[in-house]
Every structure is written in structure tokens, then in C-alpha cells.
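Consider the two complexes below, in which chain A is the common component and chain B and chain C are the respective partners.
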Partner chain A sequence: MPPEGSAGREAGRARRRPLGTLRDVTTQPQVRARAIEAAPLATAAPIPGTVPTRPIPRGRGAVHKIRRFLIRTGPAYLFILPAVAAMLFVHYIPMAGGILVAFKDINLFTVTRWYDAPWVGLDNFVQGLNPDGFLGSRFWQSLWNVTFFGAVTITAGYVIGMAVALLLNREFPGRTLVRGIILLPYITPDSVAYSVWRFIFQARIGLVNMWLMKLGIIDEPVIWLVGSNAIYAVMLAAIWKGWPFAALVLQAGLQTIPRELYESAMIDGASRWQRFRYITLPMLAPVTRMLILVSILWNYNAFNQFYVMLGKDPGPAADVPSTLILRETFSTFNFGVGSAMSVVLMGVMLVLTMLYLRALRASERGQA
Partner chain B sequence: MRSASRWTAVVATAALVLALGAGAALAQGTEITFWVMPNAADVIHVPWLDQKVEEFYRETGIRVRYEIIGWDQAWSRISTALITGEGVDVFQAGTTWNPQFAATGAVAEIDIDKFGGADAFMEANLISTTYKGKYYGVPWFAETRALFYNKDMFAAAGVEPPQTYAELVQVGKRITEVFGEGSAIAIAGTNAWDLIHNWAIILWAYGGDLVDAQARRATFNGPAGVQAMEYYVDLVRLGLASRATAEYNQPQADAAFINGNVAMAFMGPWNIADIEVENPSLNYGVVEPPAGPVGRAAFSGGSNLVILGASPNKAAAEEWIKFLLRHDNLVSYTRDLSKMLPAKVDAFNDPYYESGVWQVFRRGLSYATAYPPLGVWGDIENAIVAEFRNILTAYVEGNLERQGGVQAFLDRAAQRVNEALARER
Partner chain C sequence: MATAGLAYRRRHKRGTILGWLLFALAVLAVLIVVLVPYGWMVSGSFKSSVELQAADVTRPGQEPSWIPRQPTLDNYRNVNRTVRILDYLKNSLIISTGTMVLATTLALLAAYALSRWAFPGRNAYVVSVLSTQMLPGILFLIPYFILFTWLRNQFGVQLRDTYIGMIITYTSFALPFSIVMLRSFLDSIPVELDEQAQIDGASRLRILFSVLLPLARPGIVSVAIYCFIMGWNEVLFASVLTGTSTRTVAVGLLEYITAHEARWTMMMAASIITSVPVLVLFSFLQRYVISGLVSGAVKG
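Up next, the complex of A and B:
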């Protein structure tokens, strides 16, 4: 190590040095600050053992601080700027607009001058949520429908997905092929898949009735797509469409579990169920958490399966918020009420997500 | 004498030059966008439009860029154009849409005299272009539904086409005795967007109406409305229509007739094109809708041409509408492509429409009714159709009576319609 000369020269040299020697240079505070300025990349991406853990001593006042801040974290902000801008313009600003609209009297007569439309406080929310009114009662019913729908389809999708993931986690000839094939339902476009399911459930010519009649379970065709049966028909189709995604995610999770855990468990005499219960399930917890969370969020926005299989109006027993809002408000320019209901739907999703995450954290703490 | 004619020639030439000059001035780089629905199969629709666009360009120097948009997307596309004031200059709108678009204030008011005056159009279609007594569209073509029947099935059952709604039930029963349950008539169920049209014509024939003359209150939940709705449910109850009807949309119902499985259906002239493609050997006839206690009634539908209020090319858009409505173009479009009827009287009186099945549609249109031109029509239609669907659902689930019968559902719809009418300004 040559004696330290002028700081500038030293910094210049430091840049050319391998990272491992940086620590030596930085023993002298002032020199180190310069070195950091000169070698932002080395500090922006900390590598264990090369960057000091001690706080960096203060420089000469605010300007210095800002400079240091910009140099240390500036590039990072610069890198995420496009993403932030995109999110802002395509996501948050329109969303804020949607929330504003919910407080305005925007209908057929005011829609083209919507920025001049009068503010009406909570009127839209009252109209859209009052359980004694037509819209309100349909809205709460639709919210219940989609919750019930989600509870069944997510659970079933998870169980089937888990079973298939476990099966596919063993070695057997043609495993890669099977893995590809099980994804087919998931990659089939919604419009195609659910149209086919609509045919399958048709009363007169559908396969479901044909088989049920052949097996002697029913005597005359059941009308599946109308009334209270409809939601079950959609559920079945949605489970069929949804489980491969669960299987895919869980399979990826399974591959991260170290073999040694199972081996030692086996040496300890753990049964197959015990291995599943005490190794597989806990090790899959983070994956499961993410999977269930996105499933819940997607579920509340469910639209395609209902719209394609049951049409614009699935009827009170199978209506979901998306079809209701589209039909009863956006197709008649009643954007104010529609936005109010959408805001409430978003609120419900936020609350559910929060409750879900909190419950998970509590259960984790309980386990620990 | 000779000099006079020479002068005439000079004046005529000058007029021609001026006219061309005016045309050129208007044309100066003018380009308009036209949204049109798939009124005919693309294979014949596109070449026709391409040719006419070219012809129009040669005549006026105005370039028309057209886009064919499906009915299901058209509503949202047009809504967006109305709100943003961009995207299109002139577009096709269904007759029931026109007043709603007019109420937004975003479509151009039309000087009907520029298009031949009010008398030049079919009355019901003209009404559909109005909002608060002003015109906001130009009628393009008209349609109405009539009763299609399968001649072979009728002959096998030994029946004649019904003249009244009561006769229709008798005829239907006879047909089901021969061909089995559900074989008499194909009707649309909960999945049909146009469910209301099917009921409205029975309602009118029974002496009822949707709303009162001032459009202040719903009247369809009166005795005629209940009778008409019971009649519709009876078609299923008596086995004339299949129970599976409940899940049908209109194309499914139409297909049941076109495939030759069902003996009757209320269909429109556009279905003739479907028959020609799907089952050209179908031996069918068309008769006017049956009469109810107060006579016959039909629904007047069709499409209008509407100019966007914010369009900078309104004059060019008007020229394009005039061009489409020109006798030869209108007859050719309706006769060869859309199979609808011209909404303009001169084209409607073309001898072609006095032949074959067209006479039937012509007669139907002579008494066909349009819905009241209201801004809140969408809410009204939604309210009625929702309860109509609930009635059919309750019937197939076997609890219509337990839920208070048809009357209770219609009362609920009427309440919502009254709320909507109160919002009309």
C-alpha cells in the first residue's frame, strides 16, 4: 500500500482498484468520502464485506449532504422513475379521477361536461349501497355472490393445484410434457374456454345434462345457466380454468424445498402425512400466501367467466359487482353511481387484503 | 333561338364550374371517419363500402374512412367519442340509442330539410331521431319483426298461419301434438338483449303501452301488461316453447327456427340473410304479427346516421349521409346487403319491396311503433328487461307464483321506470 498522496489522485486510483482493496482506502474518513463519490457503483450495489457498516461521517453542510444523497441513491431513483411515471399516469391519476367522479352527479345529461357536473357528496354511494333500493340490494347480493364464488373456487383450485403439484414433483418419464399439458386450461383464452363451458352446460344439447340423464341421475334436463344454478356452473368452469395456475406456482415452491429436510425426516421415521404437514406445508407458506392473495384480488374483479357464460345479466343469484356495475351504470351513462360502487368494491378488496395479511402475520407469530 | 340556347349552355357551364369549385373547396383535404355496424356479412359489406367510398371521393373529393364495429362494442366506442369529442365524424346508431346520445348534448342537431324534409322519412324512424322535438340523426334503414313459420311443419300439422294471438296458441298446441313439446315457437329467454321488443308488441296488441302519453309514469304494469307477460310465459307453460328457452339469446332462438326444429319465430328481415346462408332449403313463410284484442302491433327498429357534435367536418359528414340516402345507394344497401327496409319513403316505395315477403314487412312497418324518444330510455329498458328475466327465471325455477306472480315483478320494474322518468329533464 503506497502512502496516501492527494485525495483526488487516490480516489482516481481507488476506482481502478479491485473492490477488495476499497476497505483499505476508506480508513481515512475524508479520503473515503471522495472515494465513494468517485466510485458510486461500488457503493450503490453493496457487496458484503466491502462496504463499511459504520455510518458515513458528515461532510461540509447541506450541499454536501444533498450531493452525497444524489450520488448514493440518485441512480436508483432515476432507474425507477419510468415505472413510477407510468404507474402515476396509467394507474393512480385515473384512479383518483374515478374516486372524484364517485362524488359527482355524472349521468347522461352531464357526462359530456363532467368537470362542471355538480358535487353531490355521498348521494351516489347512498343510491348504490342502500340495501332497500334496487341497485343497493343487487350490489350487496353481488358482493356476497362473488365472495361465495371465490371461497369455493380458490379453495378447490388450491387443493387440486397442490395435489397435482405433489404428483408432478416426482421423477417420471414425460414429466416435462405433462407439466406443459396441465397448463392448457390456463392458457386458453377466457372467451374461448367459457364459451365452451356454456355449451357444455346448455340444457337441451349440453354434455352435462346428457351424461346426468344417461347415468340416471336426472330425469329431465336441468337448466343450469339460469337462476340459482348458474353460479355453480360458473364455479366449475372457473375451477377448471384456475387450478393449473395454483399447480404451477406450488410446483415452483416445491422445488425450493431442500431434499435434506425430507431425508432427515425419513430417518426420524416421519410418516408421509407428517412430512407433508410439517415440512411441505410450512415451507410452501410464503408461496401459498402470495397465491391466495392474488387469487382473492382477481376474484373480486371476476368478470369474464360470468359475462361469457351467463351474459350481460346473470340474474340476481349469480350477478357479480363487475357485471352489475357495467350493466346498470356504465351502459346508461350513470358513471357517478358506477364509480361509487367501484370505489366501495376497491375498499372491500383493500380491507380484505389487510385482514388477510394481518391474520397471516398473527398466525406466523403464533407458530414462532 | 340559337343565341338563347348558347346562353343557356354558357350559364350551365358556369354553374357547373362553380359547383365543382364549391365541391373542391369543401373537399380541400377533407377526410371523415364513419363507424358502421356489421349490417351484412363482411364478404359483401366491405366491397360495397370500398366501392361507394371511392365513388363518393370522385364525386366530392371527400375521403371517407370507415370502420365496421360490432354492436356489442359500438355502445362503448360511441360513448367514448361523445365524451371526448374525438374519434369519429359520423356513425350508425340503433334507433333506441339515438335519443340517449342526443340527451348527452354531444351529437349535432340536424336540419332535416337538408335531407328532404320530415315527410321524406318513415314516421316512426324519424321520431327515433328526435329529442325534445329536435332532430339529432337521419333515419337510414328500418326493420320490424314478423312471424316466420315453417310451411312443412304447418302442413304436417294441418294448420294455417295464425291471425291472432289466441289462434297462435291453438296452432301451437296442434303442432306440439305432432312434433313434440317445445316445437311450436322459438322465443328468446333471459339472455336476450332485445327481450323487450318481443313483449312490447304483445303489450301493444293487448291495448297497453310502456309509459303514458306525457312520458311521466310507467303504464306497462296495468292489466294489458300483465296479460301480455302471462302470454309470453304461457308459451313455455303450455309447452309451445321449450323450457330451455329460458337460457336462450335471440340468435339461439332464431337458430332453432332456421334449423327447422321449431315451427314459428318472431324474426326480422335480417334473418332472411341467415336463412340463405344456414339453411337455404327451409320452406318458410312470413306473416304479419298476430292481432291482439285491439289489433295488430309491431315494433319499429332500425338504424340512424348521427353526426358527432364536436366534428370539425360536419358539412362533409352531411354530404356522406346524403350520398348514402340517395335512392340508388339506399335501395342497393338495404336490398343487397342489410336486408332491412329503407327508412326513406322514396326508396321504401321502390317496386322491389312490393314483392314476396317484403310486402309483409312493409305492411308491418305501416303500423309499427317506436319507443318514446327519451334520454333515460336505457334505464327504462334495463329495468324492464331485468324484471322480465326475473319472471322467466322464477318460472323455470317453479316459484313465480310464490314471488307474487307477474304483477309483482312488473310493479317493481314500474317503480324503477318511474324513478328514471323523474330524472328525464
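Up next, the complex of A and C:
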């Protein structure tokens, strides 16, 4: 059964449309284009979407219209209902709950009767964000850490990914194998990859210190995973793990660039750099935009690399919001403050996304 | 004229050989960077713990070595002795498979509706699906925990530390991406096929399973693999919502290192065992999965 209320409301909206408007997929331009491609003979007549199995009742009355709507569109709601229900219970309701909890005083004792917990207004936010308090200063520090971390890893990942994508963008024996191997870091489970890197960064038995000693760069082992060095160690591991995805996406993007563009540029005497600068980069712009946006969003959720390599408490210099909130919530059992900080984190991500999209739009307008 | 051409060709050829050599070196460098950690993992898994404890980068001759001095299989034999990694593997297998089945089924139904009907509310739904992907996971974790605790105390429904609780949790995280990905696959199948089947008297569900499902198999396979790998790799929720009876391998692996003892050699052996299912699945279906993941990522 489709949700009765929404179907009724939608039917009401449908009534406002001109009578006889076909509400089917072929009104969508891209699907229609595909359908036309597939059936070139049928281009003259409008293609009916899905032929209903039951005869559609005719008539102009509201009852008929609702019946018609239910028969034509009803099944769509049936099919989508399970996914909507699942997401309602596991996304929308918990999210609303998370925002509510941010305004309540919830600790280990009140958590079982969370709805009875006292409202505290903005107290949780004050406690979590006040830069003069212990928690607040840790929170701002963690936001700075994750921003710095993301700026380095995303840039490096993109540059390396682009270099390798360009390198492998030609025929050579064994290309499939090489492409498969460079994907290994991407598909290796996070906890495995970062455990290995934690092993590599061990001070006394680690590979990094062994090589640095042999090269004479250091005289005594560096402690990598504690204190101010830790974030750089995690960065290196995260770049190693992250660039193959950039390479993968950029490789797919490179394959969509028409070869003729390069040929005509070569006839015009464009240098290798000019071809890259004026053909490859602009043609990859849409893919790049998506890739960077996704990377930024993922970055602010960064947790696995820090948790696996540095443990529950990475220390102030390498703390990120996710580890801080996790500790505050499940070690100190300060659910309200934890929620308040995650709401702020969500706000930061929303603002960044909007700024990013706006900057892109502005730069596009500048180019046009 | 002829000699000039010959000289040009020879010079050009030499340039090509040099170019190929540089190219091969560059590819080799990339491969080495990728493979060094794996080499260190494999080598570590064959070392005895005594050898590793004695190793020290400061003492010449005692440095950790690439080739184990006394190669041993003990780490693999005793992998389950200190950490119940085999149980964790079983838990991960159950949770990931459950997630895969549930999420793929729900996503397929939803994608079918999104692809074949232009129903009111569709755009709003697509936007809400996409926006859930942007939200920080930690935002959901706290309400989940509270909800799970509350359900247990109020209704006696145990979700924390149960397979079904984890499957529901992971399904919800896999759903948005899976729906978007499957929809683009279904969109690429011409509607004429549906119509043909409908004229032949097939029901909506029949069309989905008999007509669209075989054609969308690459998409469905890549979504299924994505869901499985997501469940296998997830750390944040598993670290809070699983307990002794459902701990997944992604979190269990970290138990080899405690405050008192660091069992690196066993951890490396366990790491290899943990990676195998993912690597095998991926290499079997590399082509499908990559095209699916890339199209999903590029389209957002």
C-alpha cells in the first residue's frame, strides 16, 4: 500500500496539471532521447511510457482522476516504499533525534529515558565550542587538524592520481595488470592498510626509520605515532591509500576526451604542456569538480585512519572531530555535548559544500 | 633525401627507446610505491615474534629484514589463539552478506521506481538520498546508540551487538549510493523492453525480475560488491555497536595490539587473511565494479 496521505496529496497536485498529460518516464528528456535512439522508427509519435495492464478508467470526475493516478503511479510508491521506510527509520528519524539530543542533558544515567532528560538550550553548544574551555579548544583544534589533513591529502592525491592516469593513458603490454595493481590500496580494507602503516611507522622495528637511518637522514629513531609527528604519518598513509581512487576516476575521464582535439592541437604546433593545459585540464573539469567535492566531504568524516593508526586518543596535535566526538560520547558519556559537536560538524560540511559550489559557479561564469 | 629520411627514422627510433625506458621506469616506480607496504606485511607475517622483538633499527646487523631470518608459519597457525579472529571473520561474513542481500534488494526496487515512473515527490526523494551521503557518520552514531539502548530497555528488543542490528545499520549506509548507481543502470535500458513485456501480459514485478534484472546484471553485481565491501571495512559503527558476539574483523584486527603486548607478526598474518575475501571478490568482478564505482562517483 502506498502511504494514503501522500498519495492523496500528490493526486491533488496532479489534478492541477492539464488533463491528459502523460506522467511517464518518456517525458524525461534523457530517457526519451535514449528511447528514440533505440527505436528510430517511432520518433514521429510520442512514445507511451509503460502500457498499463489494467484498462485506465476514463472520466473527468475527481474520483476517476484519483483512481487513474493510483493505477498509473501507485506501483512506483509500492516499489520505493521499502527503501523509504528503511531510510526513514535509520536516517531521517535518527538525524532528527541527534539534533534534539544536542539540546538535552543526556549522560549515562539519563540515556535510557532520553526523552525525559532536561532541556538545556544551547549549553551543550557552549560547552563544546567555547574556545576558552578544554573541550571547545580541542574541538576547534580538531577542526583545524582535519582541514589541514584534507588540504594536504586531497591535493597530493589529486596530483599523483593525475600523473599516474596520464602515465597509463596509452597502450603498453601489461597495462591491465598494472591498472589492477595500482587499485590495491583503494580496495584493501582500511583497518588492514592502516595497521600495516602503523607497523611501518614503528620507531624501533619500522621500515621508515630503517630507511631514514640507512640514508643517514636521522641519527636516532623518530617517534612517529605520538605527538606532533603523528598527523604527518597518517597523512602519508592516507595519500598512499587515497590516490588510486583519484587515478581511477581521472582515467575514466581521460577516456572521454576525443582524440581529434589533440590531433588538431598538434597540427597547430601546441606543445605537450599546452595540450595538457588547454585540452586535458578543461575537459577533465567536470570530473575534477565531483572528485574534489566528494573528497572534501569524505575528509571531514575521516576517522578510520586516525583510529587505526593512533588509537582512541590521537593527542591534541592529531585529533579529528570524529575521534574527539567518539571519546566525548562513549568514554565520557556526554551524549548531549557529543551531539552538539556533530551538529556543528554537519553545519561546517554544509557551509563548505555551498561555498565550494558557489566558487565553482563563479569561476565558470568567469570563463564563459 | 633517402639518407636524411633514414637518419630521421633512426633518431626517432632512439628517442622512442629512451622514451620507453623512462616510461617503464616511471611505471616501475609507481608499482614499487604501491607494493612496498604489502611486501612488508607479507614478510612480517612469516617472521617469528622473537625475531621481531630483537630487531632494532639502531643496531647494525639487527635491523628488521625483508627476508625473515627464520621463516615460520606459526603466525598463521596461532592466528586464532590470542584474538578470536576466526569468529570475527564469521561475524563479518554474516553481516556483510546480509547487508549485501538486503541493501541490493531494497535499492533495486527503489531504483526501478525512480527509473520507470515520474511520480510526484521523486525529485525531493532523490535530493534527500543524495544529501544523506553528505552527513557525518558520527552524527548518526549517537542517536543510534541511544535508540538501541532505549529499544532494549523499553521493549526488550536487542539490536546492539546483534547481527540484525548491524545489518540494518549498514544497509542504511549502503542504500543511498546503491540507489543512485542502480538507477543510472536501469535508465540505460530502453523502456521499449518493458512495454513489450507488458503487452505480453507481464506484471510490474515480473518485468523487473525477468526483463530488467538480467540486463542490469553488471550494475547489480557492482552494487552488491560495494555493499559487501562496505560492511566488511566499516570501523566507526562497528567499534561502538558490536560487542563480544558480533565483533567484525575490521575492529577485531586491532585487538592484536594491546597496551601490554604488540603481536605484530600475528596481526600481519590476520591482515592477509582479512584482505583475501575482498581481494578475491574484487578481482573476479574487477571490470563490473570499476565501471560501476566510477560512474557512481562521477555522477555523484
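Here is the rule we use: the second predicted complex is superposed on the first by the 281 of 368 C-alpha atoms of A that agree within 3 Å, B and C clash if a C-alpha of one lies under 4 Å from a C-alpha of the other, contacts with A are read in each partner's own complex, and residues count from 1 in each chain.
In the analysis below, a residue touches a chain if its C-beta (ideal position, glycine included) is under 8 Å from a C-beta of that chain, and two chains touch if they have at least 3 such contacts.
In this text, all values refer to a predicted model and were calculated from it rather than measured experimentally.
Once chain A of one complex is fitted onto chain A of the other, the partner contacts of A:143 are absent, as it touches neither chain B nor chain C. Of the two partner chains, chain B is the only one touched by A:226; chain C is not. Contact with chain C, but none with chain B, is seen for A:95 once the two complexes are overlaid on the shared chain.
Put chain B and chain C next to each other and count what each touches on chain A; the higher total goes to C. In the superposed model, A:331 makes contact with chain B only, not with chain C. By the document's definition of touching, both partners, chain B and chain C, reach A:204.
Contact with neither chain B nor chain C is seen for A:318 once the two complexes are overlaid on the shared chain.
Of the two partner chains, both chain B and chain C are touched by A:111. Residue contacts after overlaying the shared chain place A:129 against neither chain B nor chain C. Once chain A of one complex is fitted onto chain A of the other, the partner contacts of A:340 are absent, as it touches neither chain B nor chain C. With the contact threshold set out at the top, residues 111-112, 114, 202-204, 221, 330 of chain A are in contact with chain B in one structure and with chain C in the other. Listed in rising order, the residues of chain C touching chain A in the complex are 23, 26-27, 30-31, 33-38, 40-41, 44, 52, 55-58, 63-64, 105-107, 109-110, 112-122, 125, 128-129, 132-147, 149-150, 153, 168-169, 171-172, 175-176, 179, 187-188, 190-192, 194-195, 198-199, 201, 203-204, 229, 232-233, 235-236, 239-240, 249-251, 253-254, 257, 264, 267-268, 271, 274-275, 278-279, 282-283, 286, 290, 293-294, 297-300.
Contacts from chain B toward chain A in the complex involve residues 75-76, 79, 82-83, 85, 100, 103-106, 189-191, 193, 242-244, 246-247, 249, 375-376, 378-379, 382-383, 385-386, 389-390, 392-394, 396-397, 412, 416, 423, 425. Those residues of chain A lying in contact with chain B across their complex are 107-109, 111-114, 134, 202-204, 221, 223-228, 310-313, 315-316, 327-328, 330-334. Against chain C, the residues of chain A that register as touching in their complex are 6, 10, 13-14, 23-28, 30-31, 34-35, 38-39, 47-53, 73, 75-80, 82-84, 86-87, 89-92, 94-95, 97-98, 101, 106, 111-112, 114, 164, 167-168, 172, 178, 180-185, 187-193, 195-200, 202-207, 209-210, 213, 220-221, 240, 244-245, 248-249, 252-253, 286-287, 290-291, 293-294, 297, 300-301, 303-304, 307-308, 321-322, 325-326, 329-330, 335, 338-339, 342-343, 345-346, 349-350, 353.
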